[in-house]
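Next up, some structures in structure tokens.
Here come two complexes built around subunit A, the first alongside subunit B, the second alongside subunit C.
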Partner chain A sequence: MNAPQLPQGLGAARYIGQRVLRKEDPRLLTGRGQFVDDISLPGMLHCAFARSPIARGNIVSIDTSAAKDMPGVHAVYTQADLAHFNAQMLSFFLLPPEVEITPLAGSRVCYVGEPLALVVADSRALAEDAASLIEVEYEELDPVVTLADARAGPPIHPGTSDNVSAEMGDEELDDDLAATLNGAAHLVMHKVVHQRISQAPMECRGVVATRDGNEELTLWITCQSPHMIARWVSLSLGLPQTAIRVIAKDVGGSFGLKNHPWKEEVSVILAALLFGRPLKWIEDRYEALTTSNQCREAEMTLQAAFDAEGHLLASHGDYACNNGANPQGPDNNIAVHMFLWAAYKMPAYAFLTRGYYTNTMGLAAYRGPWALESLIRETLLDKAARKIGIDPVEIRRRNLVTLKDQPSVSSMGIPREDITPAECMEKLLQHFDLAAFRKEQVAARAEGRYLGFGLATYVEPTGSAGSMPVMTGELAQIRIEPTGKVTATMSTHSQGHGTATTMAQIIADRLGVAYEDVTVFEGDSARGGFSPGAAGSRQGVIGGGAAISAADLLAAKVKTIAAHLLNASAETITINGGMVHVAGAPEMSRKLGEIAAIAYGEPDRLPPGCESGLEVQHRYQPPPMTFTSAAHACVVEVDAETGFVKILRWISSEDCGTVINPAVVEGQISGGLAQAIGMVLLEEMPFDARGNPLAATFKDYLLPAISDIPEFEFVHANTPSQALGGMRGVGEGGAIIGPPTLVNAIADALSPFGELPDTLALPLTPTKLLSVIEGRDLTAHSAPAPVVVSADVPASEPAPAAAAPAGEVRVEGAWDMVLKTPMGPQGMVVTFAIVGSAVSGRFDSPEGTQEFSGGTLEEGRVRFDLKVEKPMKITLKYDLQFDGDSVSGKCKMGMFGSAKVSGTRKV
Partner chain B sequence: MKPAPFDYVAPTSVEEACKVLAEAGGGATVLAGGQTLMPLLNLRMSQPFVLVDINKIPELSGISRSENGIRIGAATRQCDALSNALLAAELPVLVEALRHVGHHQTRNRGTVGGSITLGEPAAEQPACAVALGASIEIASVRGRRSVAATEFYVGPFMTVLEPDELVTGITFPHWPSGHITLFRELAQRPGDFALVGMVGALALEGGSITRAGLGWFGMGGTPIRARAAEAALLGQALDSVNADAIAELALSECAPFDDHHASAEYRRTVGRRLFAKALREALTVREAA
Partner chain C sequence: MSEHRVNLTINGRRHAATVEARMSLGDYLRDEAGYTGVHLGCEHGVCGACTVIVDDRAVRSCLILAVQADGAEVTTAEGLADSDGTLHPVQQVMREEHALQCGFCTPGIVMTLAALTGGQDKADEATLMNSLSGHICRCTGYQGIRRAARRLAAEPGT
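Right, the complex of A and B next:
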């Protein structure tokens, strides 16, 4: 049965659009939430880790005897004990890593804090005591810490030729693009260096794992989707997914960190399988800051060419991010380039993008992982506006895609159908009198007060579904009980998102029942169906659509049954306030519960062929992608004597489509903006030259406090999306658009003193801003000696396999190959058939099988084209060089540039 | 983040506490409000054999007038000092400084003596003690002694306190009624330790300065007394003070360092400015009065 189609938007509704009180809050505000550390099982023991104090080295020996002998200690495990599980440390896209990543360090350590032994003891304190007794002898190597180290230094992982973890795009600039850039009236160069950030959720990581039977596991884990965890663990350990139950009722924030388990959680799960008693590990704040995966550290150089009037002509971006040693999937952040100019009339763009391995904590996602695109674009535009001599509003008016310019496709192939950043900006400017502000700014400057106005616009892809295997639709299962109560089991999951509230609002409206009578269950993989959970601003869009579809199907069934029972036509039936009414016959009104009682208990009274019960489920498949747009503005005052920034106003004008609950939407935006303010002014996870993290407590890692956050003003500029219900998603936006808005305001405030430095390096500390104000460099730290990475220190690579005799290249047959795609390395088996110099063959991968022909072979070099349909239509041009039993080369993927291919002969 | 094992004792008298400290032979740590110590224990950066809890020693709490000035018992809670009428009347600058110490919640447990004894160079209370000429009372089984705050601090988190000694109180000298107070602090967030801070008091007689106590925090390895600046102010009439020159003199005694929150040069630049501004404003307010 197809879900009934709604008109765009939801129109008048009783609950949708209202600030109803959140269903989660009474238990959370009274300390009755259920987080992982609230779980205590009979016989449960506690875990602590021994961790590496060095960033790079080989493990010579581990002596756990003293720890094992300690009273109260039950077991000490090292990788030697866990290796036989062969646990795969998969990425979010469920792909295996391309370098060796094990739950506990095996023969080498590659970052400070890497876990290398797990102690099981009666208490956490005892476990920590014992962990401190584990003696490890290392052969220490010089670490590779920064991006510069990674480019120049030896490869940190055995079996790799360099530290590039992922790469796309082309090193050489296309001649036409170079000519446009260099011949333009204005060429603006801009570089951003983004510091490393800790996601710092209020609830640190944690897991309680218990083996129930031989291959059955129950996990309580703080995560972004219990279903995703169950699938990840199933694939990682090779257990059936149904043998794993994952429970996460309440989660204290995640922001991308808890997409899936990582080394510590996996170690605890394996230890629980080995030991047989329930085990608990609760990450403490010291571990969270130093050994939870981190995010954001990246550098980007962007060039943009403008004509004399400030119209964009062409652009080139060069991006690099620090993946750390064991990233949750190697990443070159291709999304930065996909969305960089998606909302602008940009005729031509090309890029080079790379991720690098270093001996630091591995990379994970963080609210708007590609956010650097908005930061660098919007700050470049302001810089360009000052250079060209036009207003920041004007440069955007001249270049933004408006509704009139749509449908159209961006130069990177992004379809634009209903994005509204220009419209959001105009609405913002109706609310904020910029001309009046400029007058105030001039007057203030005369008094030595430096006010600044910052503006930024952006679009954000949300509600992704269907183009990547884990990004699925969402499932709603709803039933009406004979009690008149409605229960819904949703595939959504809240880490503070309030989905139990927003989904209930939708269901109450669509079913015509009171909000108080709807209860939403989520947070348990044993209930409902798969969803990746909170990832990519998707739950409102897709979960909302699922709630609408399922509720409408259920309402239709109620009407069918009621019409039959009451001898009326279904069109005359309405459901309102938990009552079923017949138009024009008030005496025939029945309680919804009465209809339900009949539906379940008296099937004979139902219409012929009608299934008993009032239960419906629907998985909603939205359009592949939805877009949220916004314009934000803020006003700051910079103290010219201290370089301190005070935020005076902040206005959000966002189009997140249908607003289910304004308080939830504003809460999401506010939270993202708080993180944005932290990234611009306060937060930084620095490392010393030996790879030691330097912010190990909240004394040194400065999160913004409530006193650092202004009251945000909201101008909702919403237009319905094409998804059912018209929602657009709002989870990540604040963290994406916030940084450029604030940086632009600071740059505007300081414009009497000059431009911000050519390289915008976050955070903008008082020292850096005072340097701009005073026109001299106050930042000159008595810097520690630069790390000496000796290029002649050989990485401990395995001995190369015996090479085949030269000149005798045998291509025919099957090869195991890995293609470094934007979503991580993708494994496949390629089988070649050679006739003379003609090459044909077949690709086999988990995604399916594809044949090709028309290739050529010349002196061990094989070239051929492969046309693929998924995730989009594209021609992949392979260029491979075979050498003995190994093969390497490139695959050119249209506008995505080139990706590396490597492989070996299948044995 | 659980402490390494330790023994716990909660003596009820100074004598008893001193005895425990002496017997521990350097292996004991004193627990007062615990706002710094508890995190350090949990991080295992502090691993004492014995924790000596002084919260049950009555004579360590309270604020009273003494013959030498005002005595604050070492275990007096910061929140109690903050709302103390005697301090408000006689040492208003200390009360002003206390408002910047941590947060409501930490001040409810944190003690004046704890902060003074810890010797965090960017903390407010040690700088108050140094600037205002306080002396630190110390007890041990070897007897009692008193050390001038200026002699107490020897480096970041380092003092002259011996392992068997207990700080029992801090005595601030009497400052004449109507003295001028100065306090300025720059911190990235309210409640943080200072990037730059200064505190001071000036006593007047017949329109000229007869006594000056000035100090810095966050400007070196210890709280710093600005003696040259104090000397230069003595005997000056309020309207003849060159605030910039005094600030320059005060700065000459600092040796701030770099950390990832601010550079030394930032601290010098802003410190000079902050000091001069505080002095100028204090003098202007007084002249106008």
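Right, the complex of A and C next:
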């Protein structure tokens, strides 16, 4: 294991970089954790839901009388009871959905398992008994289940014209790009179909809600940040945020699922407000698998053109995801395209990306939500290498951005300053003798054993802050008590991340006190301040920076006070082992606690103007984004008789900058890799044609066990980032780089049988691999599968193009418009002033007002540019067609491609 | 729903209760006896989080009924460490090997390892690994759990 290197001036590293034992563990190992289901309040009652057995239909009637009559049942609520709260469902970015989503189903159901009534009873068992007595009459409709259904089928949500929930990019391929693709020496086309996944944290969702008096609400809830929940619930219910206290001391994993409350949690909160007694709902595993938000289901086609030597020339991607009916964000996953080629020298890239609604469970986030970019790129590169006849290492060497190529900007506008995927790969190859492996592989094949080597490289955006309202900096508040103990309240939150450990390491290090004397408190919205918590691999980077800066401020204050008290100069003071020392005067040493006692209790002894007490807070604002890089390699053996894959070796070479605690970093990577192995080999949430989820237990939804996961080897590269302390995020990487590493190894192992199918559909079950093995003649070693070469963009729907003139149209005046941005639909009022064919006007939105001029009007078609500064500097090019009282068209958003605009005349 | 009288010992303390026939031992231990260190991750016998020791054997408490534990001696994760806070050897090794993250699967894994390494005939490494394949951990990728089990198999019996 490499010794961590620290950036200049970062302490003596007594704790940073060490495998310090975790503070959380004694509590968790002895059964003393505090998870939601461990909370019991006086008078608390239990909840269960009645759920829809059909995927799409109208509710004709709900009869709750038998359930209400059951002894032990206190109340049964339907949406009619909850409606008056007018609770607003919100996305992670705190935006309302564009289709109607209510806590309980109102007049229609749109997925199997949608909750439509909530029973309050003495026990969970009784509540479930009663829920089964609720009679619902439906008018059933044919469901839209798959992406193909969504494209062809009727819109599932009233008031929409199709099932496209979000769309960006260009439908027509730019002429230059088409020419480059068609004219290239090699054009490789690759399609990946990613199955639906269940995040499946071991602790299911749950909430205990209690109304305290008239206006306060206390929640114990599974989450990724109590502060985020408090803000979400306060906006949803229209209550002050401070009136809502959210406690989540221990959360049993989340991985993106528990970012914010969804239908069930909101229903329980509203029921608790209505009923006036504490209510508890603890999701069981059947509910968790079938009716918790799921993730990932998507398909993508990627084309990449190479010159004769295998250098990248141009690429085009077409992506679609199945968002389900009520997704937490109606996403088109623009991040896939932003980061697809960010680590590579890719001159030109264009894309089309769409999200669709279907009558399935809605999607939510999962570790590296954009991970398909790495899976499809890295598997395409290996396919290309085989086609061009070069090694997988060589194709990456020829195309990866190295430190020498930086600073530079990717073709999608991503600035690259210190990414190191190429360096990680070279470092990895020092630990893996590829030439020796190739010999072993040949020898094994002669014995009928199929070994394969898989390699993948990537970069990952982490520690994002400042571009979206919820992605804030992180707060550290640190106090030295007169006891000499140090306590900190942080905005971070752990669902297993160990932030109480890593933040304490940093604070102890920077303050010069013992790790044992530092306690970090988080997990309660009444402490610390806002942050979105564990979202986007940010806590080590930003929380770490906050801990450093707050500790440094506090150390400076200690030194100022000690210098004054001891009649020394501040530069001669050091703090070490909880003692304050004066250089050259050991007899003057004082305990930190003594200084603290004076700071709080005897302000007269402090230097003039010095605030009493020894407590500081700092909110650290990092650079907008910090990149983590990695290269991974694995070796597999595929059993040609059974199709089973055995992973023999796996090496991670990851550059996550300064490592605070190697055990925590390796734990994050390992957990992500296990999830990656699950996605490639085991996990799948299938639906039947009627939209029924088919994996309802852990006997159908296969999670990796210890026997499926190899030992991982770690090579840490440590290029300090530009964030304070030099950390880079490491929470998601394993789940992003793991899948292509493993798929590439399997494809390599099976290369004697030809290529994997042109469409790579996960999971790669033994049955699927056997069909590759058995579908080929073993003697036909040298015939690779034909590669589909086509520069045509797959068929796309007609755009609401601004083409047809629409006679006399009155554009002048105010219009309500919606722009479908990557973060969700954004509403605004646009007011136009027309002079001849010149157009000027004004945009009004919650973000502010902005004026524009210099536009043109031509037969109902209005075109103009709008320069915006936030969240980034970009020129929006609007092209709108007005027709009567409606308007539609698109807005070209620089590197983000195009977004749809629609609207109506304001009345 | 019929009700039954049960007497059992949990972590060395005697408990007497009246339970519904359908109540699982796991629910009883958590909700009635207050041992919330027993975690329910699936309630259908796959995840292993609910594992406790019943009469010296590791048992999935979601798969047996409270009435079946009448007269039994039950140990949960709360009952392993010394009262002064000194961790049980299994807990100590798991801590040193960073065998947990969120800690939800942890009590079950601790109990399986404690049951298999605590008695006279201590299980070997292969047996421990086989038994651990009945525990799901979604966080750690099993690296620390495997290291801990190896160490426990190698260390002299307790």
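We adopt the following convention: the second predicted complex is superposed on the first by the 854 of 907 C-alpha atoms of A that agree within 3 Å, B and C clash if a C-alpha of one lies under 4 Å from a C-alpha of the other, contacts with A are read in each partner's own complex, and residues count from 1 in each chain.
Note that a residue touches a chain if its C-beta (ideal position, glycine included) is under 8 Å from a C-beta of that chain, and two chains touch if they have at least 3 such contacts.
This is a predicted model, so every value here is computed, not measured.
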Checklist entry - Which partner does A:Glu711 contact after superposing on A: first (subunit B), second (subunit C), both, neither? => result second
Checklist entry - Thinking of the overlay built on chain A, is A:Ala125 touched by subunit B (first), by subunit C (second), by both, or by neither? => result both
Item to check | Touched partner set for A:Met202, first subunit B, second subunit C, both or neither | outcome: second
Checklist entry - Now for A:Glu684: first (subunit B), second (subunit C), both, or neither, which partner does it touch? => result first
Item to check | Touching partner for A:Pro693 - first (subunit B), second (subunit C), both, neither | outcome: neither
Next on the checklist: Taking the superposition on A as described, I'd like to know which of subunit B and subunit C A:Thr642 touches: first, second, both or neither.
Outcome noted: first
Checklist entry - So, does A:Thr765 touch the first partner subunit B, the second partner subunit C, both, or neither? => result first
Item to check | Partner contacting more residues of subunit A (subunit B vs subunit C) | outcome: C
Item to check | Contacts of A:Glu666 with subunit B and subunit C, given as first, second, both or neither | outcome: second
Checklist entry - Given the touch rule stated above, what does A:His497 touch, subunit B (first), subunit C (second), both, or neither? => result second
Next on the checklist: Output the subunit A positions appearing in both contact lists, the one against subunit B and the one against subunit C.
Outcome noted: 125, 284-285, 697, 699, 705, 707
Checklist entry - Across the complex, what residues on subunit A touch subunit C? => result 19, 21-22, 24-33, 35, 37-38, 125, 200-204, 250-253, 255, 284-285, 494-498, 663-664, 666-667, 669-675, 697-699, 703, 705-707, 709, 711-712, 734
Next on the checklist: Quick check: in the complex, which residue numbers of subunit A touch subunit B?
Outcome noted: 123-125, 128-129, 132, 284-287, 641-644, 681-682, 684, 686, 694-697, 699-700, 702, 704-705, 707-708, 765-767, 770, 774, 778-782
Next on the checklist: Going by the contact rule set out above, which residues of subunit C touch subunit A in the complex?
Outcome noted: 20, 22, 30, 35-44, 46-47, 49, 76-78, 80-81, 85, 87, 91, 94-96, 98, 100-107, 110, 129, 132-146
Item to check | Touching residues (chain side subunit B, partner subunit A) in the complex | outcome: 1-5, 39, 42-44, 186, 188-193, 195, 257-258, 260-266, 269-270, 273-274, 277
